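Next come the structures, one after another.
Each of the next two complexes has subunit A plus one more chain, namely subunit B in the first and subunit C in the second.
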Partner chain A sequence: MNGRRFRAIIRDQKILLIILAIALVLAVVRPVFISAENLFNILFQVSITSIIGIGMTFLMIGADFDLSVGSNMVFATTVAILLQGSGLGAGIAAAILASTVAGFLNGVFVAKLRINSFISTLSMMIFLRGLVLILTNKQTISGSSDALFSFGYGNLFGVIPYPVVLAAALLVLFALVLARTVLGRNLYAVGCNEKAARMFGIDVAGLKIFAFSLTGFLCGASGIVLLSRLNSASGTYGIDTNLDVISGVLLGGISLSGGEGSIFKAFQGILLLGVLSNAMILLHVTPYLQQVIKGLMLMTVVSLDSYQAKAAAFR
Partner chain B sequence: MGKFSRASGCVLALLLCAGLAFAGGAAEAKPAAEAGGQSTVALMWGGTDAPFVGPHIRSFTETMEKAGYKVVVPDSKWDPAKQSTDVDDMIAMKVDLICLVPVDPLAIIPALKKAKVSGVPVMTINTEADKSANEYIIGFSGVGAYEQGLVASELLVDAMRGKGNIAVVEGVSGFNVCVLYAKALDDTIKKKKAAISILAVQPTNWSPAEATKITEDYITRFKNMDAIFAHDDYIAGGVIVALKEAGIKPGQIKIVGVGGTGDALQAIKDGWMFGTVQQSPITEGAFEARRALEFLKNGKLEPFYSIMDNPRIDASNVNKYKAEF
Partner chain C sequence: MAGEALLRMREVRKTFGGTVALSGVDFDLNPGEVHAIIGENGAGKSTLMKILCGVYPMDGGSILVEGEPVRIQLPKDALALGINMIHQEFANFSKLSVAENVFVGRLPRKAGFPLALDSRDLLLRTAEVLGRLRLPIDPGARLDSLSVAQQQLVEVAKALSANLRILIMDEATSSLNLRESEQLFATIEALKVEGISVVYISHRLKEVMDIADRITVLRDGANVGTFPRGHIEEAAIIEAMLGRRLRAAVKKAATRGPTVFSVTGLSIPGKVRNLSFELHRGEILGITGLSGSGKELAIRGLYGLWPSRIERMECNGEQVSISHPSDGLSLGITYLAEERKNMSVFPQLTIRENASVLWMRSVWRRFVVSRRREREASLQSLRRVNVKMAGAESPVDSLSGGNQQKMLLARLLMVQPEIVILNDPTRGVDVGSKQEIYQIIYQLAREGVSIIMTSSEIPEVTALADRVIVMSKGHKIAELSDAEVTTDNVLALVTQAAAADEHG
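Our next item is the complex of A and B:
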């Protein structure tokens, strides 16, 4: 392998290499890391953020983002519980629909009313959090579905948690949509240069509304996964979900300025955060130091991406 | 799909394959002690950023380490979903005991059930989970949040001589302890047939700075505010800052907190606070660690409930208490 190729691998696959390095070290110093239970725990722990991360990747490739994802997720959980009397299927459908509508509204605010996505989704985040507190009367409300519970704690082939299977299926499906369809290509074009995309006849507003609605839909799906694990809902759930998702997607190299990245790169970033959290717990790192390390990791990787992008531009 | 996606797929596949390969116990982790390492206890607070939590973790950890145990402290960031998955991590680590403060009394139940099935004992501490979780835990040690709320509420009723208006600066909306404090206040007002109204309840996320801002709003909005219930003494400190800035004199608005911090004891002596309920994180951390050690030594915990006293502190007895934190 020549030096140039080696540098290219380091540049393009740094997140994977970091994950592998952590895994190798942990396998030696904490063998419990490579136990089936622990590996599937990590995958389960990132399953919710990965599902929402799909929507966030669509948004960020189109140069938008959504701060309301955590509130929207718990909004779905709350709606599903409140409507469980009408049947499990109806409750789930209504919850996912409600979250999709919230996402659609975000899209309308951004694409039609031209409100900055930071402001519109921040407003939606606060609105939905308040709505959940009202709907739950500031208490924890509980669900009653054994079927959902079997999903949250059940395993395919007795090993792979169902939420991981769902997340993997959605990741593959939407990676194909992004990479192989006109819709995906148009989204990259919008993220690269919105004005140019519009001149080429791309329906920019429609694409943005689609991306926000998709994110809402995925928040709804995540809300159901959350319900299947916790069997309850409260206004305190998912407070930091937006930060976890955005941090993971950024770590994966998806730029806030849009036009680049992929679903699987975003997944790498989210997986790295999950592996890092797990590693630090296994290594008995204090929670305060954990935050410092995560912050440093994000800062380093994003700075490296920025440096590489500038270096490439000058070449 | 490009090379990135193929590489990512490889990592996912690698993790899945490793999991499958080791499934069935091939690489099953042994408890730390059995593996020849140090025995480990998990201390699972809901979050680690609240002022009360740091001294508690230090006190708990010191007591456990003196007895030869290692303490691991995950940070659930006050998120019930994260706390639930953190329990999964502790199960995978096969810790000897989990001492857990539930962020949410109901949401934690499935995780407690899983821990029991996996053979990892859990003792809830500081704050109780829902009673229906009792079959999955070995016991509870700590304070009774509701009982503590009752003591604070009685202080408020006494401060106001049974009539007036209270504003509340709470910890986190929907957080178990805050819900129980609110219930205790309602129940006390009804029980004592006091003519007391609650003007407003606003969350501070346990931040004294946020408490200052909220109190400033309260002062502007409510001219008939007689007392403020602060859900802990750190928040009460923030309330006092706002009252001082507004030129309000000590005792003009009665403040009741929870904790017994050095600042709160001084504020009671100075007349800024009417009273507080003692809950020292240092005493509590050591108390709960001793209960954990009792279980680890004997393999059982008796009695199931061990509730600490929450003495009332006011001007009449404040000199008896020494500032611990």
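Our next item is the complex of A and C:
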């Protein structure tokens, strides 16, 4: 009885448990880990991946995904800098709009032209990366206004970085959309069984286009957060973002086959990656070894998920 | 109008390619009636109902609902008329809750804020529908936490939650045990009380005799009779279903060769219990029973295609095990899968490439495959089974169903197997090709190949097999050989077993 409950906790909360375990070890060997400054630093580090992770979660619940998020984010940053001449606000608005359109196009390719999301978003990833290289002329370009710095480096109540506040607000808002609206619940049905969902009158194409557009919009928002910190853009930014977002969401237990998962779970996965990176930096693990460990972590957790699902199906 | 039938189908005709599926079938349904349709595979039961549901268009005939002619061209036309079918495979959402499954596509919204899901209302309304059917199922449970039987009852609730007048159930009890079937029958009674009519398609005579108000028998795409309950005996229905088309061939004298293969204690939890048998050289061994008897799962389990436990397996006197089809191939055992489209044919490849798939495996150690040898070997094998084709380089899609099936036999024969397992070798095949396939099977046995076969049609097994294992509810209930192998004997055995089951 107790054993079963214990196993259920291990099964359902393993990500939180791993985070706690890492935190406990680090608290002992590197006490600086649990300082408020470091903890908020971790949250700041994961704010961008969390914002994009919201969109990725919507997509993966609908059994799609998006490889172009990293390119799309830098695309937004680039557009915002280039259009700052007509005002910071106009630049930001244009950047978010441009990213949303890119996401919308992904949605049209997947939902209307029925191109597999791997192929369509791979094309979009390459296309946008190229566009950024052209627009920046392969240089690192800088913004003319540093008005955004007060957002990027400012803290709410003097402690919580504004990007963290923004990410938290978006996470809560879209967690509600996914769990409590008809649109959100219909998305689960689409991911579970697309053919049947269509048969029961759910607008499958519309939902998919919405999820891709939302992802584009969130890439735009992340691009602005990036701008607020770096005030610059370059074709070399955001290369790892795709993999960080997708692996984070996968770690959270949202499967590529769709139909299950939640924003909260996805955030746990992304947070785990952030905590792990921070811990490895504090422990002076070399960057290459860091990648090896992240890869191993993803493989282990996903294998565990798969094994548990198999075991559950056999009972 | 009092006494008016709710539904009348008149002179319904349907042809697929050159095959006549329905040749002018009439079918009536009264309000609150349970009307069973029975017949063998390919008799046209499902086709008739798919026409009613708007899945297939009909080639001729008419449909009247309450005396008014209606046009049903798409599934939504049928749904608008209150005609719904319990889908077995693809229409549920296993990872969602029961309530979300019942109201999928029609989730209730909050009155003040229509974007938001009204989850309270969703649960209440689902509980209400489940209550009407007296089903003790938690509306909030995840669908995949329920048994298959309960999931099916959720499908009934889903149909009932919309405007429902006619519910069609196709082989609804095929995966249920006795108690689950009784729960389903109770649910059908609850539907009748609400004035809903049920069309009940089944192989299982016994249950049909119990629950149906009327029984319609289809054979070869024609209605051979509609009988009110209590006015017909089982034997007469079987006679009508089978029509004595397949006369048993003369059995050859029983000179059993040595045992080449044996299985002891094959079990699949809940499906097959402790099945043992031996197979002799040059023998055709049939495994038969009604659908749900475990006959198909047994041979899938034995070839590593379904998780099973086997105490001991011997091939040519040596202990072996088959946990994967490739183990079987290494032992010289080939397998014909029951489903041509999804499990056997590679639609993008040519006839030659399709035929030589297994043969490739036998030559892979040579590393480089000689195109010439491949062509010769496949042509020889394709000719042996008489595949009618423009050429071996034509796409496999250019073959008719019957010729595709023969091509699959050619594929098995290319590796010179000692043992061939045939799972429903003539499914979806025209009558002419059936005869040819029977000839191929006989010829193989005569050449010393040992054959294990099962079929959805009992007369096919009894006509071909030298020896037959009869199964019921996962148990081997009898073994018949030579002259004892007749359809009547098999049917008598399975009916007895079903009756014993009912009383015990």
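Here are some notes:
Here, the second predicted complex is superposed on the first by the 314 of 315 C-alpha atoms of A that agree within 3 Å, B and C clash if a C-alpha of one lies under 4 Å from a C-alpha of the other, contacts with A are read in each partner's own complex, and residues count from 1 in each chain.
Everything that follows uses one rule, which is that contacts are C-beta pairs under 8 Å (C-beta built on N, C-alpha and C of every residue); 3 or more make two chains touch, one makes a residue touch a chain.
Just so you know, these numbers come straight off a predicted model, no measurement behind them.
Aligning the two structures on subunit A places subunit B and subunit C side by side, free of any clash. In the superposed model, A:G85 makes contact with neither subunit B nor subunit C. Look at A:P287: by the touch rule set out above, it reaches subunit B but stays clear of subunit C.
When the two complexes are overlaid on their common chain A, residue A:G259 makes contact with subunit C while staying clear of subunit B.
After superposing the two complexes on their shared chain, the closest approach between C-alpha atoms of subunit B and subunit C is 12 Å.
Contact residues of subunit B toward subunit A in the complex are 1-5, 7-9, 11-12, 15-16, 18-24, 27-29, 48, 70-75, 77-82, 84-86, 88-89, 91-94, 103-107, 109-110, 114, 172-176, 179.
On subunit C, the positions that touch subunit A within their shared complex are 75, 87, 90-96, 100, 104-107, 109, 115-117, 119.
Those residues of subunit A that touch subunit C in the complex are listed here as 180-186, 188-189, 192-193, 195-197, 199-202, 259-260.
By the touch criterion stated above, subunit A contacts subunit B in their complex at residues 12-13, 16, 19-20, 31-32, 34-45, 48, 133, 136, 138-140, 142, 149, 152-153, 158-160, 168, 175-176, 179, 226, 229-232, 234-241, 262-265, 267-268, 271, 278, 281-282, 284, 286-288, 290-291.
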